[in-house]
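Look for subunit A in each of the two complexes below; its partner is subunit B in the first and subunit C in the second.
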Partner chain A sequence: MAAAAAAAAADEAEKARGRRAALSFAAIAVVLGLPLWWKTTETYRAALPYADIAALGELSFQLAVPVAVVFAPGSQPRDLPRLLPFRDTEEKETLLNSRTSIASRYEMVCRSTTAQEEAALGAATVQEADAALHQLQDASLGSLSLYVIPETSLLLPQGIGVYVGKHRSALVRAGQGLAALRARLQQVMQIMSFTTSSITAALSDRMPASQLGPDARRHFKSSLGYEITFSLLNPDPKSHAVHWDIEGAVSRYVQPFLDKLSFLANFSVDSQILYYAVLGVTPRFDKESSSFLLSAHSLPHVINPVEARLGSSAASLYPVLNFLLYVPERSHSPLYIQDKDGALVGTNAFHSPRWGGIMVYNVEGPAAPQASLPLRVDVDMVRVMEVFLAQLRLLFGVSREVQPPEVLLESPGNEGLADWELDRLLWARTVENVATVSTTLTSLAQLLDKIGNIVIKDDVASEVYRAVAAVQSAMAELAVGHLHSAFQASKEAVTSSERAFFDPSLLHLLYFPDDQKFAIYIPLFLPMAVPILLSLAKIFREAKQRKKEPTKTD
Partner chain B sequence: MAARSRSAIGALGAPGASSISARRDLARAQALQEPWPFPQKAAALCWGPAWFAKGVKMCKSVTPKRALRRSRTCCCSTGRGRTQCRKIKPHSLQEQSSSLMGFAMTRLLRVDKAWEELSNILSGIFCASLNFIDSTNTVTPTASFKPLGLANGTDHHLLRYAVLPREIVCTENLTPWKKLLPCGSKAGLAVLLKAERLFHSSYHSQAVHIRPICRDASCLAVSWELRQTLTVVFETFPSGQGKKDWSLFKMFSRTLTEACPLASQSKIYVDISAKDKEKELLEVTPSPTSVHEAIVQGEKRTYAVYDLLSPSLFNTSRSLNVQLKWKRPQDSLELSTPVLHAQRYVSGYGLQTGKISTLIYNTHPYRAFPVILLETVPWYLRLYVHTLTIITKGKENKPSYIHYQPAQDRRRPHLLEMLIQLPANSVTKITIQFERALLKWTEYTPDPNHGFYVSPSVLSALVPSVIAMKEVDMEQSPLFTSLFPSSDGSSYFVRLYTEPLLVNLPTPDFSMPYNVICLTCTVVAVCYGSFYNLLTRTFHVEEPTRGGLAKRLANIIRKFRGVPPL
Partner chain C sequence: MAAAVPAARWARAAAALLLGCCGAALASGVQDQAEQFFKSGHTNNWAVLVCTSRFWFNYRHVANTLSVYRSVKRLGIPDSHIVLMLADDMACNPRNPKPATVFSHKNMELNVYGDDVEVDYRSYEVTVENFLRVLTGRIPPSTPRSKRLLSDDRSNILIYMTGHGGNGFLKFQDSEEITNVELADAFEQMWQKRRYNELLFIIDTCQGASMYERFYSPNIMALASSQVGEDSLSHQPDLGIGVHLMDRYTFYVLEFLEEIHPASQTNMNDLFQVCPKSLCVSTPGHRTDLFQRDPQNVLITDFFGSVRKVEITAETISLDPNLSAFESKPPKDELAAEPLKYAEQLPVAQIIHQCGDIAVLDSVFLWNSMEETSAHDMKKCKTILIDHFLNIYSYKFFKEIKLCVLYKIGEAGI
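Here is the complex of A and B:
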């Protein structure tokens, strides 16, 4: 009997030992095995500044423009609030959408003219005054100097209230009273820096299409470089031997413009002559004028067949601006472009947004019909480059908007671009770059968050950190009105964020879906997990039974 | 006996403008057509010089080079067709490979970077896989190649040469290539380039050459010359019967209607040279504008020339369809062997070692000449240089120059260059043994059992002519001489590419990683299972029983012995 009891006790002890062993197996598997497996198979993901990136999703731009308002003697309005010199700011906030807002702040320093400036303003013509004033300024990018001259000054022609010079200064007639002057100053400042619409156009990617004007998507996206290609299309080399002095024309007309823009991006210019390159549409013959017409609605079909011949952009990743000079076939000339209303287009040219421009160059028929073919044609490059340069300005978003008649804008001269136009472009480009970086980083963060398989290497992470830091510094520099450093920082941010986004290492492990991974693990997991689970279930069952037993005896 | 007729299409040219440099150059194009005895016919088309569309300018600007040569060829036929076409046209044939070579003028440190950019740009322009060119297939030959055109420096450190033996040309490469022609495929000889005919041929090769040349006679400025060549070998005699008549329409299914208006020269050369008495057997229609006699690669040949620019050609009919007829059927088809030709094969059995053998034939009756052999072998074939043997006429032939650069695993290939003297009328056999390396399992190509290609070796030689040649005036027929170069009166230059080799490497079973995982897991699971079982099993103390039969037997024995029972 005692032996039986002892045996039962030993049995019980043995059972308890078995239970403990099973439990410790389960514990080891959970405490040691699972973390070990997790650690050895996890993908390396460097930490990213997710909070900062999320903060970048909401952009509230603060654009500060330093403005010097200089009053010439006798131009101060009587109701000026304080004595000169004094500081004044003018702020305006626009909410573009729930995630984007622009606050512009014009920091005006009002003072009276110095002796030198007075002398400069005493020049005979307004152009000379502008040039003389330019010498006196320490013009940093983005800063403006506005000279208020007496209402009766003869420097400006009759009826002109505002004159915007070639550089970063403007002359403003004092007008009647402070309110009128303020309105004028505000107008000039907006012309010379930015308007809500120019910033909205730069932020076109963040805006719903309905809020954008028709021109908002015309100019080229901000990029670190552009390739400009001039092509001469001669579909009929049998009748026309066309020659153009593109090298001279580029160095004379385009290069000064590009030199001015060289701060903005790298440019490369090349040219080519393509023979037998025809337009995709057959022009309609108009009996009245005995000419051929291309109507506006057929223009979209012109580009595609030509584009196949233009040559690949295999050499770089930069966008290509195409400028095509088309000399129509003899059987189709003269060829004119008709606008939507049926009127002939004066320049005989059109442009395609974010692509380039095409100009049709008609060759005058030979004096004698039996003149020997091919006819030698020397292209009038002045006429052609006028059109191409205008299109180039349009595509870069530096075209001049129509101004009220009292505003006189000085022509930029040989450089093709006034200083303040460059500033205007830089304001828009900086804002655009910041918005691009914000979009890139946000989508990168979203992507990395969504797909846990992506390896995030340290160099990718450091690029992201650099981009975030650069974009933050760009915003800060914008807020204090340092346009130059803001633009540089935004460019840096774009470079870093693109490099992080397109880093090939992000794609390495993308093709290992989770279900396949588990299929590989099953031969290990199944035999190990089943006994543990079964014995755990058994232990659990026995414990439940033991709980029940005392109640039974009751 | 030997029915030899050759036809050659001539040159089409154009004055065109390389635009940004505001310079006008002559662009000429030439097609040379040669019907090989049976059953092929070769047509070589050649355009040049100096025609720059944007694409080419790009690669020029990115990588300023002394000379760039890029050639992609393919040979679609096998066996007899292949060897034949190589034997027939030893000067320019190359099979199933893309090659790219360039002299870079940039500083040495940047050569490799420029080379990489160049191959990427060219692969973009020509829709080719040239971007696969990297350090593992690029070599720096010391003696085989020299810069073309205007170049005084011959620093071989600036030279890069790469071959992709796996890549073949097809339509997608022809289209961008055609776009570079001044008239595209709209006018002139390029009208004949119809892709479905060109690629339905035994042999196809297209090349782009860029080199600097003098802009004018005074040579104060440099122009860049772009030359495009296309070589095709057709099978134009479909249904036996000994009929070897051909026409342009039969070959290209197109006829010519006009010369490219930009051309300064546009000619078709038809080879009508025949041996001695057979002259009268040939008939070409329409009658040629002129007849040109030349000594080409040591042979005297007569060409019927059609000048597309002469108005008389299109007077009678609107289109030109050159036809060649034989007056009576030919039966014997003898091929004259070229003076220099070569053959290469791989031998050996098993997957460990093997042997590459190259046979070089010199069939010149009395002249010996040297030849430079360039071998590039990928790193996964480990060459044993001590096994290199060169045997001519049963005796060892010592190379007078040898340059060997061993491979580095996954970094660069073997490079072997030798200058070998070939005695007259001899066969030289060059053998070298190799061992096959094991690759990492991710390094295998998608079809590893197809084998791995070893790029063709390159033979460069000045072959002495059998008959005296006279100096050819380069200015008079620039394209003709560029197709058949001759260095001086007594010899002509030949560059020969042998066939690429296909070598099998030991190929693993690619499900291996999964199998290993499964096996390991199973072993671990079995061990773990028994271990677990042992540790968690509950042991019962068994009551001792009366004992079994053995015990009873033992007790009976014990009783007998008088010992107490158990």
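Here is the complex of A and C:
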């Protein structure tokens, strides 16, 4: 009896020990094993500022332009609200869509002229006045100076109310009263800095396509560098030995333009001569003018056969602008381009959006019929560069929009670009850069959120932080009116965000559907889990039975 | 008699009116054509053509891809804008009885390998990872420009894939696969970064329609050669080469594209009708719900060709040639290096002077008026020409030129 009780007690102790062992196995597997497995199979993801990036999704631009309005003696309207000098602000807010808004602020400082400025305004011609005034100012990027001259002043030609110079100043006639003057000042300020439409065009990524005009598609997007190639196409070297002083022309006419834009991007210029390169289209012979004509609707087919030979694929990774000068064959000379209405094009040139331009250069026939071929042709580079520079400006988005009446815009001359046109470009580019960074970072954050098994390395995370900081500083500088530092910051932000987004390590690991995940883990975990689970089930059943037994024996 | 004359006059007037209307319609048609250029909103075209299977018996997949490559090049897209990925080399395969050729029609009617094929990703470089890298742009910095897809927000991209596939996946190189979810995610990342304006996705595999089921980004149009559960069949074997040359769907697409030229106005609806069930045995499918424009208004050349938009340059900048900006910049200190000279590629003027009237037309020489040239000069011509062309021109030109020169010299009795 006692032996049976001792055996039963030993049995009980054995069972208890077995229960404790099973429970401890289960506890270790759950408490130690599961977290260890989780930690060792997770991908390394550095922390990212998700909140800041989400805040960037809503862009409300605040663009401030510092303007100095200087009244020459005799030009002050009688009904000025306050005595000079005083400060005034003009604000306008536009809501483009639910996530984008623009608030423009013109901070005007109104004062009267100093003695030196008066002397400058007394110059003989308006160009000299402009040059003299430029010496007196220290206009920083983005700021404007508007000089109000008396209505009866002879400095401006008859019928012209506003003159916009080559630098950042403009001369405005006082007008018939304060309201007229205000309207004129507003017009000039918009021409020289930005308009709603120019900013909208810069934000084309965020706007629906229907609101954009063809201008928005024509010019190159903001990029860190551009490659410009000048090519001379000579399909008939037997008849024409063409010489062009491209090096001299580039250094005289193109380089000043690019130097002005050097702050915007890196430029590299090269040139080449292609022989036996024909246009893909046969021109039509026109009997009345005894010349050959290329009609407007055959122009799109001209570019493709030539493009393969231009060698732009061997150039850098930057966008390439191609400018081609075509000297037609002896048998197809002279060659003119016809526009849609059948009229001859004055410049004999056409351009293609985001690609470049082509100009046809006609050579006169030999003076005497027995003149020895090939004829030596020296290309008039001034005429050619006038057209190429115009096309270059168009492709960069510097275009003179429809000129309102009474406004005279000074031609930029040999520099190719007026200072205020550079400002216009910078305003648009800064806004475009900020919008690009915002889209890039928000989509990167979305991507990294959605796909859990992409590794985020530390340098990717640091680039993202840098981009966020730079874009915040760009927005802050725009609000204060420092265009130079705002553009600099926006360029930095674009570089960092592009580097982060296009980092080669961000390729997501191949997609694992759930059933494949089960297929991998079950053979590993099931053999280990089955005994533990079964013994836990047994313990649980025995515990339930023991709880029931005392009630039964009672 | 009197009644007939006014009737004739009426008829003439009516005819003149009709002609005038037709003329006006034609003129406005041309005008519309010009305006329509800006409707599609793209300024450049790219193509990514992928063949995913290797081994000799998958000859037809390489032939498929090369036929599309050929059409796309013929319609104007340059090599620099085409990313061609071929997983195996059929032209130089040891089992190819006609080396350096890939035929698409039996009896060796059409050699799609041609003279001018530029393969960007070849053989083992065609992997799912490389393909996704090309699409998303996450490429290591050392990759050459020809291997990159440098599209922007105004690019129309054509993506053509062929190989062996199944329900929801496409097999690469017989060892890995890409799923429709990954493809859809890659397109979404392209859209987020605005790497395309519109995308046309064509796939010729078994159960191809499953690959475009999961797309969710805007502006994508997709075509497939067969529905889920159907197999895409191959077209015809060539007994001389011993394998099937093309797949049916791509064969009929190639025939359709051969009739397109850069100025044609054929639209996408015609492409949807290509290869009905009677010819293809499988049912081709398409998906246009993500595309914003009506397929009726989408030209074939919007994706397969490269028709540029042009604008007339109306303005010029006035330059003053007398202002010399040379003095304003201080001369840079340069190391006294020997000035580099561009080597004389082909002293054309010299040769012309020496060899009489030679006109080069697309690598074929015509010799005119050789009477004045002495025999000694002829010999000198021959040496000069052959030397120059040996050194400078590629093999393709040399073959034809040498034959032509020797023939002509033989004719002249030297």
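Methods note: the second predicted complex is superposed on the first by the 474 of 554 C-alpha atoms of A that agree within 3 Å, B and C clash if a C-alpha of one lies under 4 Å from a C-alpha of the other, contacts with A are read in each partner's own complex, and residues count from 1 in each chain.
Criterion: contacts are C-beta pairs under 8 Å (C-beta built on N, C-alpha and C of every residue); 3 or more make two chains touch, one makes a residue touch a chain.
This is a predicted model, so every value here is computed, not measured.
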Message = I'd like to know which partner A:P504 touches here: subunit B for first, subunit C for second, both or neither.
response = second
Inquiry  = Is A:Y275 touching anything from subunit B or subunit C once the two structures are fitted on A? First, second, both or neither.
reply    = both
Ask   = Should A:S291 be classified as contacting the first partner (subunit B), the second (subunit C), both, or neither?
value = neither
Ask   = Is A:P353 touching the first partner subunit B, the second partner subunit C, both, or neither of them?
value = second
Ask   = Thinking of the overlay built on chain A, is A:Q137 touched by subunit B (first), by subunit C (second), by both, or by neither?
value = neither
Request  = Please work out whether A:N266 is in contact with subunit B alone, subunit C alone, both, or neither, and reply first, second, both or neither.
outcome  = neither
Query = Is A:P300 touching the first partner subunit B, the second partner subunit C, both, or neither of them?
reply = second
Of subunit B and subunit C, the chain that contacts the larger number of subunit A residues = C
Inquiry  = Per the contact definition in the header, classify A:D11: touching subunit B only (first), subunit C only (second), both, or neither.
reply    = first
Key: Partner chain(s) touched by A:P237 [first = subunit B, second = subunit C, both, neither]   = both
Message = Give me the intersection of subunit A's contacts with subunit B and its contacts with subunit C, in residue numbers.
response = 237-238, 275-276, 312, 314-315, 374
Touching residues on subunit C, where the partner in the complex is subunit A = 30-31, 33-34, 37-38, 41, 43-44, 76, 78-80, 128-129, 132-133, 136-141, 145-146, 148, 150, 152-154, 179, 181-182, 185, 189, 192-194, 262-263, 306-321, 323-326, 346, 348-349, 352, 359-360
Key: Complex interface listing, subunit A residues touching subunit B   = 7, 10-11, 14-15, 17-19, 21-22, 25, 229-232, 237-238, 243-248, 250, 269-276, 309-312, 314-315, 374, 520-521, 523-524, 526-528, 531-532, 535
Remark   = Interface with subunit A, subunit B side, in the complex: residues 16-17, 19-22, 52-55, 57-59, 61-62, 120-121, 123-125, 176, 179, 182-184, 186-187, 260-262, 514, 517-518, 521-522, 524-526, 528-529, 532-533, 535-541, 543
Interfacial residue positions of subunit A with respect to subunit C in the complex = 204-205, 209, 214, 217-218, 221, 237-238, 241, 251-253, 255-256, 275-276, 296-297, 299-304, 307-308, 312-317, 337, 339-340, 345-347, 349-355, 357, 359, 374, 382, 385-387, 389-391, 393-394, 400, 411-414, 416, 439-440, 443, 446-447, 451, 501-504, 506-508, 510-511, 513
